[in-house]
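Letters are used for the chains, namely A, B, C and D, taken in the order the chains are written, and counting of residues starts over at 1 for each.
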Amino acid sequence: MSRPKPHTVEAPPLQVDEWLNASAPIDLAGLRGKVVLLYAFQMLCPGCLAHGLPQAERVHRMFREDDVAVIGLHTVFEHHDVTGPAALRAFTQEYRWSFPIGVDRPAPDGNIPMTMRDYALGGTPSLVLLDRRGHIRLHHLGSIDDLALGSAIGRLLEEGAEIGGGAGPAASGPARMRDAARMPAWRRRPSRGSAAGPRRSAGTAPVRFRKG
Amino acid sequence: MSRPKPHTVEAPPLQVDEWLNASAPIDLAGLRGKVVLLYAFQMLCPGCLAHGLPQAERVHRMFREDDVAVIGLHTVFEHHDVTGPAALRAFTQEYRWSFPIGVDRPAPDGNIPMTMRDYALGGTPSLVLLDRRGHIRLHHLGSIDDLALGSAIGRLLEEGAEIGGGAGPAASGPARMRDAARMPAWRRRPSRGSAAGPRRSAGTAPVRFRKG
Amino acid sequence: MSRPKPHTVEAPPLQVDEWLNASAPIDLAGLRGKVVLLYAFQMLCPGCLAHGLPQAERVHRMFREDDVAVIGLHTVFEHHDVTGPAALRAFTQEYRWSFPIGVDRPAPDGNIPMTMRDYALGGTPSLVLLDRRGHIRLHHLGSIDDLALGSAIGRLLEEGAEIGGGAGPAASGPARMRDAARMPAWRRRPSRGSAAGPRRSAGTAPVRFRKG
Amino acid sequence: MSRPKPHTVEAPPLQVDEWLNASAPIDLAGLRGKVVLLYAFQMLCPGCLAHGLPQAERVHRMFREDDVAVIGLHTVFEHHDVTGPAALRAFTQEYRWSFPIGVDRPAPDGNIPMTMRDYALGGTPSLVLLDRRGHIRLHHLGSIDDLALGSAIGRLLEEGAEIGGGAGPAASGPARMRDAARMPAWRRRPSRGSAAGPRRSAGTAPVRFRKG
């Protein structure tokens, strides 16, 4: 392979004290060998709810856990008083997000929380894509469509096959494309009944029934 | 007109201590002569955000203020701790809802707030449609499509022309349909730039930019 | 009722020699007492397929047959050679439109077919709404949203209750709104399984399987 | 790179006598070095119009011409009489598809046209993805979402970087991900004004104005 390697940098560590949808704290070092999608959001940001979070959920459901790790990051920089961890838990429960979500650590000296500052994120929603070595390869503020994001993930997955993946997950990747007359074989996580992801799922039970 | 009048009842009063998007408290008696759309919701209810609130916004923007009054009602019966008035204000500001929203008064003895209980609403989103006399004419839990809601409002508007509307707003209603080769002449409130209403508008600025 | 009646004109007759989805030729005189929605379209017009025809289908399914008659009108004024009656039949079968469709009579002297010319339609999609007396009340070129169209139909239905409807269908209209905690009681035609109408229905069987 | 190569076969040649949106006949041999997306459709197939063709258009607009070639294939196996080349040309013009479309050669002995038969396609829409060597790698009947298709294309693009791409187009691929804070740098073809592709573009001029 004669193609020159891009010069990239390792992603800063996540500064998170509290996790949702995770049985233990997550650190990036433990995810070496996987492509990582970091999705920064705020629970009251309309673009996050309309676009970013459903996309994160789709990626989480589409790819094998060994190939792609999706991590939500609640980077609160406005409405701090009403979007704390308790509000985030209620929000996450109502929308049934299934990927791990970390609460970005508030900075002692300002509004921008610490991981958001270290990654120089310009707002929410923002996504950061890390290759299998943990290096930053894509840094995007705002909407990105599924075709572009899928392609970027696909390239990093295939690239990873050489760099560090060994004969493991990647070995079975392209070969299994052959028989994909149904949904891709690399879809691993069980769907909640609808190919359209969280939006449709929410659609099946959009009503909150009173209990008493 | 020989058609028998339906037997209907007057709507109970709203029990609201705090209003958003309103310069003064709103009571139903003051809305006699208008068709009233009450939309009960909770800010963390996915079906409310996906369907109910955008529909309320569309109705608010579609009809003349003299003809139709839209009132949101925040009927919190779960997640009370994180969906109080401060959270509702942040939510309303972020999504730019433009219709008045009242906070349903919490009941001293239970989860169901008082207006929700008086109207026997089964959950959120729920809508209640009042005729020009303030009588309940439609009571709906969950999604209702725009064609059905539009038709119900249209019937009440036309009916109201006889009952109490006088020669005022209704007089110019159907007549002005004649030249509606463009958007209906009875649309009165200025759009925020997109025919699709709040969802599209949110789409034009979906990103939250950090300020510091 | 003191409101002045608008001055309106009777709709010109339909000039149609061939009907689809109809057991006999349809003429407007036979529809007196119903609100009539005429929807002019061309089978290769993208806006007709994206917006107009699904909306016509929704109206057809939403209202009682005694209240609202939906009529499609294939007003071919371009691509005559490939959008004749045989092509229209294949198109109608594939998209499963369920309302009657008439082929507008070609003019001997030009491109604009005869009904289209008599109604002075500016293009496709166009809709024309007739009141229960057969008078033109709404004339619209391009997209109109469901809320506006529903409201216009609702007003004409209620107005019709006085003008000519007698105690028949209209008598049961507004009264039955009371118990509409489910879909409106005046929906009469059986749905094809999805509230979203033809688009969703198409979605359930979007694939054309080869037969040989 | 130690990962075993999948065993794949070369794609059969296209049997096409007539092309739209192409200045010269296209054969697969001439596309070596590019990933090829073949999209089989019929112009009166609702699933093709709702899903397949807009997706083909999005792929065509998203990727560099040197990286990905999109080819539509009109595989008529029903409604032959009304979906011949003249009808296809009108359809293509109205929907403004910008990728090349070939008319699959009718078989002398049956309904299934010859390329469709050679590729053993089960219906429409169907897509076939070829790697840079011209081997079949994905074969899909029905809907596939953009994330899955994007990922499959991304893997083949990256894989192609080793196999046959040389230092050419692929060399600049992943490296340029670094600065993708806007839409991906590998988008090359000019958009028609809307990020949402053909559906939105159609939306900007959905009305057919009469000319005479």
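Heads up, the rule we're going with is that contacts are C-beta pairs under 8 Å (C-beta built on N, C-alpha and C of every residue); 3 or more make two chains touch, one makes a residue touch a chain.
Please read these numbers as outputs of a predicted model, since none were measured by experiment.
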| item | value |
| --- | --- |
| Chain located farthest away, centre of chain B as origin (C-alpha) | D |
| Distance between chain centroids, defined by C-alpha means - chain C, chain D (Å) | 36 |
| Distance from chain D to chain A - Cα centre to Cα centre, in angstrom | 29 |
| Distance from chain C to chain A - Cα centre to Cα centre, in angstrom | 46 |
| Residues within chain A bordering two or more other chains | 122, 141, 143 |
| Touching pairs - complete list by chain label | A-B, A-D, B-C, C-D |
| Chain A partner contacts - residues on chain D that touch it in the complex | 1-4, 6-8, 58-59, 62-63, 122, 129, 136-141, 143-159, 161-162, 165-167, 170-171, 173-175, 177-181, 183-184, 187, 195 |
| Interfacial residue positions of chain B with respect to chain A in the complex | 42, 44-51, 77-79, 81-84, 86-87, 90-91, 94-95, 110-112, 116, 121-125, 141-143, 199, 202-203, 205-212 |
